[in-house]
Amino acid sequence: MADYWAGRDILSTRDVPREAIEQIWHKAKKYDDAVTHKKSYDKHSGKVLASLFFEPSTRTQFSFQTAMQRLGGSIIAFSDADTTSVSKGETVYDTIRMVESCADVIVIRHSLEGAARLAADAASIPVINGGDGANQHPTQALLDTYTMFQKKGKLDGLTISMIGDLKNGRTIHSLCYALANFDCTIEMWSPPQLKLPQIILNDISEKVKVVELESLDLSNSDVVYATRIQKERFDDPEEAERYSYVIDAESVRKMKDDAIIMHPFPRVDEIATEVDSLPQAAYFAQEANGIPVRMAILDSVLG
Amino acid sequence: MADYWAGRDILSTRDVPREAIEQIWHKAKKYDDAVTHKKSYDKHSGKVLASLFFEPSTRTQFSFQTAMQRLGGSIIAFSDADTTSVSKGETVYDTIRMVESCADVIVIRHSLEGAARLAADAASIPVINGGDGANQHPTQALLDTYTMFQKKGKLDGLTISMIGDLKNGRTIHSLCYALANFDCTIEMWSPPQLKLPQIILNDISEKVKVVELESLDLSNSDVVYATRIQKERFDDPEEAERYSYVIDAESVRKMKDDAIIMHPFPRVDEIATEVDSLPQAAYFAQEANGIPVRMAILDSVLG
Amino acid sequence: MADYWAGRDILSTRDVPREAIEQIWHKAKKYDDAVTHKKSYDKHSGKVLASLFFEPSTRTQFSFQTAMQRLGGSIIAFSDADTTSVSKGETVYDTIRMVESCADVIVIRHSLEGAARLAADAASIPVINGGDGANQHPTQALLDTYTMFQKKGKLDGLTISMIGDLKNGRTIHSLCYALANFDCTIEMWSPPQLKLPQIILNDISEKVKVVELESLDLSNSDVVYATRIQKERFDDPEEAERYSYVIDAESVRKMKDDAIIMHPFPRVDEIATEVDSLPQAAYFAQEANGIPVRMAILDSVLG
């Protein structure tokens, strides 16, 4: 298979084949030393990444900007839509037409679902979705699956438990579609009003085994993927309380010895800090994987 | 003529001679491939541009930052005066004295007329006016005239129609002074309270033919230069309505076949999106010309 | 003495030995041409500085960013905590763990005392305190002492008068500890409620001669170090008025001929602009020294 990603927009993981995901893993592996040894490459010097964060996110922004700079490229960026012409009534189309003359590749984060698709339709250069509303966050799914591959050697045969807000969590949606390519089992646990959207459940159930957990029993998990439940999602504060959960040292003892715990960050209370030093805690390594994976993505897209 | 721009502040187009404008065009032409082939040059590596946007403008900021990076240079920037010491009562003079020790060249955007002049008086390094209140936006005029030169081959003999808010439009003011160097005709149409300031009209009328249009008749135009009319400029909303205009496919049919349509952006409703795909639409090309023109400007100023 | 600073966090000047301060001076001297000739060095190309300004400060931020870029390195930055995950409830610890995978070195400015220490405990890469609340601003003290060394040849034997808000001024606190290494006299003048904290006074009095001035008599000073008194520090506006001071040409005439005047900026009214052109005014040179000193610091820390 030729490089699947060359010159391509990355908007969703929905139709991304297994081989394409594996291509990113294998390329990312070569860039691990960008984190472990802070190594830089003079590979895309003179190239410009436009980092358009209509909705703030230091984490994704820093990860992309570091990836671009470790490849030798440079950045133009905004991190606040209020300072852009969008606040004067300009359309996203006009903004993107302006940006495409400046940059070689665009990453866009926006609060509206479909914004990245709109941008990709407007631009003649590759557009990467850095998160659009409650829809998708495909580069997160690539770094998430890379972390599972890195820690467990393969994804086939794994039981992956997704817990928390599965309805609004775009990282969950992108990860579901990515995992549907592999021979794994997905366990799900969430408050009733925050279940995975039916349309995604239908899509992935054809390809992968999905089990809805009655209670938060993680004893079968190879990978626990925890996400934040925002209190604002509930009308009733008591109900919010009922469904709040904390993974602490005690919960970890009930897991498999070689289970790993992941989280897309930011965390608030979902994982106690006492877990940070346990061997199961994979979330800091996962986060750091954003850099080699995004280097692999940028490198592939820039061709 | 030696390079007119070397080491010079660029505050206004008022006294800029024709040859200096043509120098920028000819240099910009060599940098067109920075847009068409996203080419970068390792010409000013190690140089620093200070991008001081006291008033937000992603478009001008991105254009300057891209130009500097395509030349191999780097950037220090702010895009929000609230995060600067100006909000603690510091003078622009003190801010500029600080910046001049950091950078090789400054671009400043400010809501107050004359701010760029103040900055230039304080700084021992070149200062470029990126727009000061309703006064001037000289680099916009350079890219505007470059676009006319690129699309029409020459400016002499052209009829250029400026429409919209001619009073507060700093791009209009700078363009008027630039065009006064050429043997062209300037047609003007605006609401009565948004006419070109008399002082500018007097200045340019000595050098160039100016015609005030009774109605929005663009049938003689070689270049239609449209600008936005902000509703807030009118006391009476009905009057705002009366003077709002839209250039659509129908309006274009009434223009000369080889007329071009320009706009300094952002647009809101002045030009219908159906016009975007017509051959007369030159505004996206115009916008993209910001990069080679600003590369030419930075290259000249840095010497 | 080997390079004291290699790989080290810079959180405070409290326990920094004299030799370490002198090491920075001597290295900074070699980088003076980064200001005088805007010279850049290709020494740390590929290295990334994370510039984390939870509290805005264009001056310190520009100075660090310029220093890093003049050394060939690049930057990831935020200048407004509201756009970070901290606003979603993330801890500084989690933010720093994220940043450490991106960058080679961190500079942090925060409104809370001790924030830099927290960051250093979380990070495996060097952390530089760019100012934490009313606590410390150690790189400012390094550039301040470098300026005294540059202008007066040595610090031993000097009488240095610190005036203004000595309680809340973190630059004052850092400078006091740095000066305690030298054989100099520190004169102090401040409103009664804005005196130097007793704990700092105790610490430095063991090592250096401290004199509290009854009135603002600067006739013995070799170095006048002026700081701003914020009106908000007083309950009574009349009292604020009583303790406000202005150094003007008249005050300078009463100083020693070869005295120098310093200020950490921003200034509001403490030093009249008529003083700017007098030979005693060292504050613009002091400010510009931020660049070679921070180049020396980054160069030493990066090793």
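Think of it as A, B and C in the order they're written, each chain with its own count starting at 1.
Criterion: contacts are C-beta pairs under 8 Å (C-beta built on N, C-alpha and C of every residue); 3 or more make two chains touch, one makes a residue touch a chain.
Owing to the predicted nature of the structure, the values given are computational and were not obtained by experimental measurement.
Q: Pick one for the touching-chains graph, please: line, ring, star, complete, other.
A: The chain contacts form a complete graph, every chain touching every other.
Q: With a Cα-based fit, what is the angle in degrees between chain A and its identical partner chain B, given to the nearest 5?
A: The superposition gives an angle of 120 degrees.
Q: Please compute the C-alpha centroid of chain A, do the same for chain C, then give the distance between them in whole Å.
A: 40
Q: So which bits of chain C are touching at least two other chains?
A: 74, 80
Q: Would you tell me which residues of chain B are touching chain A in their complex?
A: Within the complex, chain B touches chain A at residues 35, 38-40, 42, 56-59, 62-63, 65-66, 69-70, 72, 74, 79-80, 265-268, 273, 284, 287-288, 290-291.
Q: Give the list of chain A residues in touch with chain B in this complex.
A: Of all residues in chain A, those touching chain B are 45-48, 50, 74, 76, 78, 80, 82-85, 87-90, 93-95, 97-99, 101-104.
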